[in-house]
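Heads up, the next two complexes both have chain A, just with different partners, chain B and then chain C.
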Partner chain A sequence: MENISVELRHVTKAFGEVHAVRDLTLQVQPGSFLTLLGPSGCGKTTTLRMIGGFERPSAGEIFILGKTIAYESSTQRQTNMVFQDYALFPHKTVGQNIGFGLKMRGVKKAEIGKRVREMLDLINLSDVYDRMPHQLSGGQQQRVALARALILKPPVLLLDEPLGALDAKIRKQLQLELKQLQSELGITFIYVTHDQEEAMTMSDTIGIMNDGRLEQLDTPEKIYGDPQTLFVAKFVGECNIFEGRIRSEHPDIVDFEDNRGQIFKLKKDSLESAPVGKQASLVVRPEDIQVADAARKCVNRIQGRVEEKLYSGSIVRLVVDREGEKIMVDAHKGIAVSPPELIEIGWNPDAGSIIL
Partner chain B sequence: MPDQSSFKIEKMVKFRNFPPIRFFVGILPISLWEIIFFMLPVLLIFIVSFLIVKELRLVFQWTLANYTDIFSKTPYWVAYVRSFRLALTAVVLSAVLAYPLAYAIAFVVPARFRRLLMVAMILPFWTNYLIRAYSWQIILANNGLFNEILKVLNIIETPISILYTHVATEVGFTHFYMVLMTMLLYSSMDAINRNLMEAARDLGAGKLRTFFEIIFPLSLPGLIVGSIFVFIMSFGDFVAPSILGGGKKPVFTQMVVDEIQGTVNLSMASALAVIMVVTILIVLILFLRRVESITAGSSTG
Partner chain C sequence: MTILNKERKGWGDRVLKFYIFMAFVFLFLPIAIIIVFSLNSGRYPSFPLQDFTVKWYKELMLDSRLLGSVKNSLIVAATVSFISTVLGFMGAYALRSYKLKAENFFLGFMAAPLTVPTLLLGLALLIFLNSFLSLQNSLLSVIISHTVFCAPFALFIIRARLRNVRISMEEAAWDLGAGRWQTVKELILPLCAPGLIAAALLTFTLSFDEFIIAWFVSGFQPTLPVKIWTMMRGGIKPTINAIGAIVFIFSMSILLIGEYFLGKKTNG
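Entry: the complex of A and B
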């Protein structure tokens, strides 16, 4: 128990008729960075607010460092929250904002001042001590909000889309800073976002949520490379989906037959069991598909006509038409194919993944 | 000349910010109204206050006599202090009563009942002010509702005289202006971002500390503006002191009326009026500046 930072057991939250969170179970390791990722309205904020003690679950239990949440006592909290709109106190200076938590704990004035300055140094904002929040830029406000929560050294920090209101450039920079800060301080971060790129770059673990349910809890690599549900596959990155069924099972290869009767071979390691004959979907990422010469050496091959060729930076996106079925392929920008050429595309058994 | 071109541009920008002529034509009726019915009379009163009245006629003879009279004669001073104290008491009473009410509407009452409560509160104000004042007479008179109830309950035997004392004036003031105070307080409380309260709680503040650290300071603009309004309106009120307070202990406004109706001393009445206006202006300036300094930061968050 002690080596689990946060644990949710079958947690459900209903607001009247609306089920914001349904039967959610998860564990967070101490010092790790967990991101709850999902479309807006899927219950991320509600989950975070329950962990933070702002809402009580309708059913289920939440443990923080092995103990249930102390809802009544405001100073015995194990978590601190960084709010989406920062929620800085507009009538207090930056110093007073950051020192607020210490003041509530009865820490002496001189000590508060010292620790606030340390905190400001940590977030690279040494010269704003006496400013009012509205005199700061969005990025600075965000850092102050972070400092205000971190000064209490909570074992668990909760962050609700903390970078959502910032422009892309500052967001990228703060993503890095946040991640660095987290690993330096060794605090458990539970981070909420709807931005899959942000989740991918920052997290140790990602929990994908959909309609109040946790769809998959995994490392970013696994989430992307081995999605367990169609929702996860579609939400994280782009993918081609082939509908079909499992045809047969070999020692470490599975044969998948799509609805057109073509067989694709797949490595079995991602599948716990491969019930033969069961309806399934095969997911293949556009960048895992080879084109032209490279495709000829692949195990799984498809004929198709290039329909579109779209440039985006160092890659080109080809849309290949396989008798009505569109397949997206990412190739190097130097590729020498163009519409309406007939080409061969392909991939090897280690590329795709099957969703039952 | 340092930078000629930038100077030119600045001038042009300023010129462009200047509203077009038709703007002034558009607000002309209002401006005229303001000038004719507000600015001119005030100016007139100001001028008249430096003249004197002899044998019921205004004499064009510049003098400070009215003011030296006011500052040297006790009845004026007593009335002024009385008005000031009554107005301040009205401010304190309406703040003390309105604050919990506004707090309850903003933070306790479920959202769907809020509008109903507001309407219930404003409803009495569709009745004429005079009529409301007379209604209080019925309640507060020696044989009025209040005393009768106390008698029935055997709490008193002889009626308490409330009507025609300034207790009644104060009841009137508080009733009339508390709603305004409540509205202003409510609107500044309602504007408080609820996340601030959650953040305070998250950082270890209990309910009481959240109130004193967050809610109270952020509701101060409403409290100050409300206090200014209540002060000005009760300080300048003539109806409640006359109808409810009687005339035995006149307030400042009653002195003004007396000067006009009794001694027909227009210039003295004007001087008294000028002192009232100046008092109100000082209160306004002192407190509005305070509000500005508070609200400077409240726009964010």
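Entry: the complex of A and C
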């Protein structure tokens, strides 16, 4: 059990008739950065609050470092939480806020002062010791909230959308700082957000949640490149989805036949089994699709008419109409096609994935 | 058009200002007259005014029974204010911490003593304290009776204040290792201190000025309003104007201080 930081076993949480979390099972490795990602109301915050001991699961068990969590004896707690609204104590100075946890544990004043200053140095805010929280900017307040939680050296730190209230530029910077801090301290971070980009840049592991269920728990690369459910595919990034069925199975390759009868080939590696004849969806990311000359060399090809050409900085988004079906393609900005040109688009078997 | 609007607005403004002015005149003129007569050497409260004097105030200070009732009132008001604030805080904090299904129903019950006519409340308390608890009419009876309607008052004031303390702050304190009592001491009490002070001051004046209930249950230990009433039965003496002036200024000051704390904001 020692090599698992946090473990949830079949955890369910119901508020009256509403199931916020359904039969959730997951393990978190020590020192790793797990993000729970999902739309609002998916149960990610409830899950975090259960790990933090703020809510009791209706069923199932939660272990931290192999022990079930304590709800009552608060000083025995193994986790600390950073709140979305910072929850700094407005009547206490920054120093008193950060030292609060140590004071509750009966640590001597001189020792508290020393360790608070160490924390302030760590978060690059050495000169705000005697200020009041409301005199700080949002980003500074969030750092103070972080320091207040980290000073207790918890093996697990819980973060509930901590950057949600900050503007984009500070958010980016704090994302970086948080990630660095996490690897420096070797603390397990469990992070909740609805921002997929934030989840992608920071996490070792992402758990995608929807309607109280864990849809997929994987590395960011796997989540994006090999989504296991349609929800994951649609929630993380954009994608083209072809409905159809599995036509036949070869040693490395699977043949997928879409509803129009066209066959696409793709690599089998992500599929454990390919039950022939089963209904399935083929997911292809817009940036994996080639256009014009490059498309001609591809194994899977589609004819279509360029309907729209939208510039977005470094790339061009083409919307290609395939007899009523819209396909999104991201091409290089220099691409020489324009509506309503008839073009060929295509991709190779290593792009795209099948969702059963 | 704009000019017309502006003129109309200016005219409406003046009417409203005049209205407010008149409201305050009606509210405070009678009291002002009492203060004026308390400084008038004439025996009867009638115009024209005679010489300026403070002799009625001097006379008050020599009336030991009156001073005794002042002392009674101060004891009652201070005790009631303290108990009401403590009870009010406990009630407000409990309401915040436990989600009651029948919260509105409960609050309605709490507000009942504030809405029942005090005459009925006084009579009910007299019967209850005498017949059920077999208490002799005394200051203790007054304290109990006043607490009945002052505690809900304190609860409502403190509850409004507690709403400003976000639940996440309490959770943060708990998360950092504070127990229930430590959370209250370190977080809740300091953050709702202005509400506590306001509640204490306002319940103090409520109790200090209350007459009807005190008249029913005070027995041989009259509070100041009861004493004034007894004095008035023997005719309106100028000393009563002097007491009125003192009580008015005293209560008003406490109320204003209370209102100041009610309006006070915490940072963040």
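Quick note on the criterion: the second predicted complex is superposed on the first by the 356 of 356 C-alpha atoms of A that agree within 3 Å, B and C clash if a C-alpha of one lies under 4 Å from a C-alpha of the other, contacts with A are read in each partner's own complex, and residues count from 1 in each chain.
Note that contacts are C-beta pairs under 8 Å (C-beta built on N, C-alpha and C of every residue); 3 or more make two chains touch, one makes a residue touch a chain.
From a predicted model like this one, the values you see are computed outputs, not experimental measurements.
Per the definitions stated earlier, placing chain B and chain C onto a shared chain A by superposition produces a clash between them. When the two structures are aligned on the shared chain, A:169 is found in touch with neither chain B nor chain C. Residue contacts after overlaying the shared chain place A:54 against chain B and chain C alike. When both complexes are overlaid on chain A, the residue A:85 reaches chain B and chain C alike.
In the superposed pair of complexes, A:152 makes contact with chain B and with chain C alike.
Legend: residue contacts after superposition of the two complexes on their common chain; A:77 is shown touching both chain B and chain C.
In the three-chain superposition model, chain A touches both chain B and chain C at residues 52, 54, 74-75, 77, 79-81, 83, 85, 87-91, 100-101, 104-105, 132-134, 148-149, 152. Note for the complex: chain A touches chain B at residues 52, 54, 74-75, 77, 79-81, 83, 85-91, 100-101, 104-105, 132-134, 141, 148-149, 152.
Considering their complex, residues 52, 54, 74-75, 77, 79-81, 83-85, 87-91, 100-101, 104-105, 132-134, 148-149, 152 of chain A touch chain C.
Remark: chain C residues 166, 168-169, 171-179, 182, 186-187, 190-191, 266-268 touch chain A in the complex. Contact residues on chain B toward chain A in their complex (touch as defined above): 193, 195-196, 198-206, 209, 213-214, 217-218, 294, 296-301.
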